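Read the structure below first, then the notes.
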Amino acid sequence: MKVLYFAWLKTKTGVGEEELSPPAGVATVAQLLDWLEARSPGHGEALADRHAIRIAVNQEYARPGDPVKAGDEIALFPPVTGG
Amino acid sequence: MKVLYFAWLKTKTGVGEEELSPPAGVATVAQLLDWLEARSPGHGEALADRHAIRIAVNQEYARPGDPVKAGDEIALFPPVTGG
Amino acid sequence: MIRVQREDFDLGAEVKALTARNPRIGGLCSFVGLVRDMHGDDSVRAMTLEHYPGMTEKMLQRIDDEAHWRWPLEASLVIHRHGRLDPGDQIVLVATASPHRQAAFEACQFLIDWLKTQAPFWKKEETPEGERWVEARESDDAAAERWAGTGKAAG
Amino acid sequence: MIRVQREDFDLGAEVKALTARNPRIGGLCSFVGLVRDMHGDDSVRAMTLEHYPGMTEKMLQRIDDEAHWRWPLEASLVIHRHGRLDPGDQIVLVATASPHRQAAFEACQFLIDWLKTQAPFWKKEETPEGERWVEARESDDAAAERWAGTGKAAG
């Protein structure tokens, strides 16, 4: 599973992209975020306020209950501000 | 008084602009139109349907009851279709 | 700024001149009206735009002033052509620049909607059946009516 | 048609290419978003636009397809830049062409409103106090909400 971080999530985690193999219990977006949060103090800070984060699974917007699995591309980012 | 005709009013009257001196009784837009209507068969045809005509007095939209006087520039034209 | 002219205009150059060196502008909205080769079911070979010199400029200037009074515009431009035009030719340009995009969009629509019902231009079309003067459309009156209030719009 | 690029764009040339040789187009609406030198009370020296390559193109293409489904468009174009930009620089171009002006205006606003809430771009501003990520605005969400219905719009 590839996890991407954008904008201040990249700054706080200190990583733009990481290749991860979460344990079997991580089957949803919400479970993945809980697991990621414990990876480092930076991850913990980045993921503290879940309302401030948007998630995409395989480049589609996803919700906390949506499934994640090996091979997925997961992206975490703040609400978008382009245009 | 200068009277201008545009679009199909010019075609029907056969004149684009005429310098006129209406009699003393012609004091409003409505009275002017009545007087103009009798000038020629073409004027009669052009002015037959008053709802189809817009009037400007000195380059400002005017209504039937608005005053007209010597020296004014009066324009008669259909509803506008530019843009 | 308003202009009435026979010549064509260059959207890119006009807009560039309008926004040059003004970093307060956050959004620029523009509209270009073009001659179509169809009107209803009839084909149109060409079109002639007649206007009322003097009153045309006066009305366009008033519409432009009104837009600046209603919205926080940094710049605006209205160019309307007259004379003979072919299908695909440009007829009119309206451009508005504002710190905020909503104001730019609204002012641009206001300008074209009012222009179409207030500015003294008349279109004559050449069709296979001959020439005819285009009739005013009720939908254009309805579009202009939306802006009939005189209140100042939100920025 | 959509494009994501670092390079600047030329409004005039893009619009000309979009409308060339199509006399069915009666109205062309365009919007250009520009970098302002102020954000609230703070001055902005420069800005960097980060994006999510892949998802960005996918979302823009979807928004563009949706506009064509809702309105009778003859052509449309969305260009969004990324990378470092200075005040006055162009960020985004949206252009829509339709037989009718109302459809062109509505589709253009729809595209920019949706893009601002759906396309994965993030702005980082350089101010005298340092760098900061721009926060999403509720007014942008509200603007996008206007289009939330999935019904086909009037032509």
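We call the chains A, B, C and D, going by the order they appear; numbering starts again at 1 in every chain.
Criterion: contacts are C-beta pairs under 8 Å (C-beta built on N, C-alpha and C of every residue); 3 or more make two chains touch, one makes a residue touch a chain.
Protein identities per chain, from UniProt: A, B = Molybdopterin synthase sulfur carrier subunit; C, D = Molybdopterin synthase catalytic subunit.
Quantities reported herein were computed from a predicted structural model and do not represent experimental measurements.
Placing every chain at the mean of its C-alpha atoms, the farthest one from chain B is found to be A. Between the Cα centres of chain A and chain C there is a gap of 48 Å. One simple way to say how far apart two chains are is to compare their mean CA positions; for chain A and chain B this gives 73 Å.
The geometric centre of chain C is 22 Å away from that of chain D, both derived from CA atoms. Residues of chain D in contact with at least two other chains: 33, 112. Applying the touch definition to every pair of chains gives A-D, B-C, C-D. Across the interface of their complex, chain A is touched by residues 33, 49-52, 54-55, 58, 80, 91-92, 112, 115-124, 133-137, 140 of chain D. Every residue of chain C that touches chain D in the complex is listed here, in rising order: 10-13, 15-16, 19, 21-38, 87-88, 99, 101-102, 104-105, 108-109, 112, 143.
Across the interface of their complex, chain C is touched by residues 4, 6-8, 56, 59, 61, 75, 77-83 of chain B.
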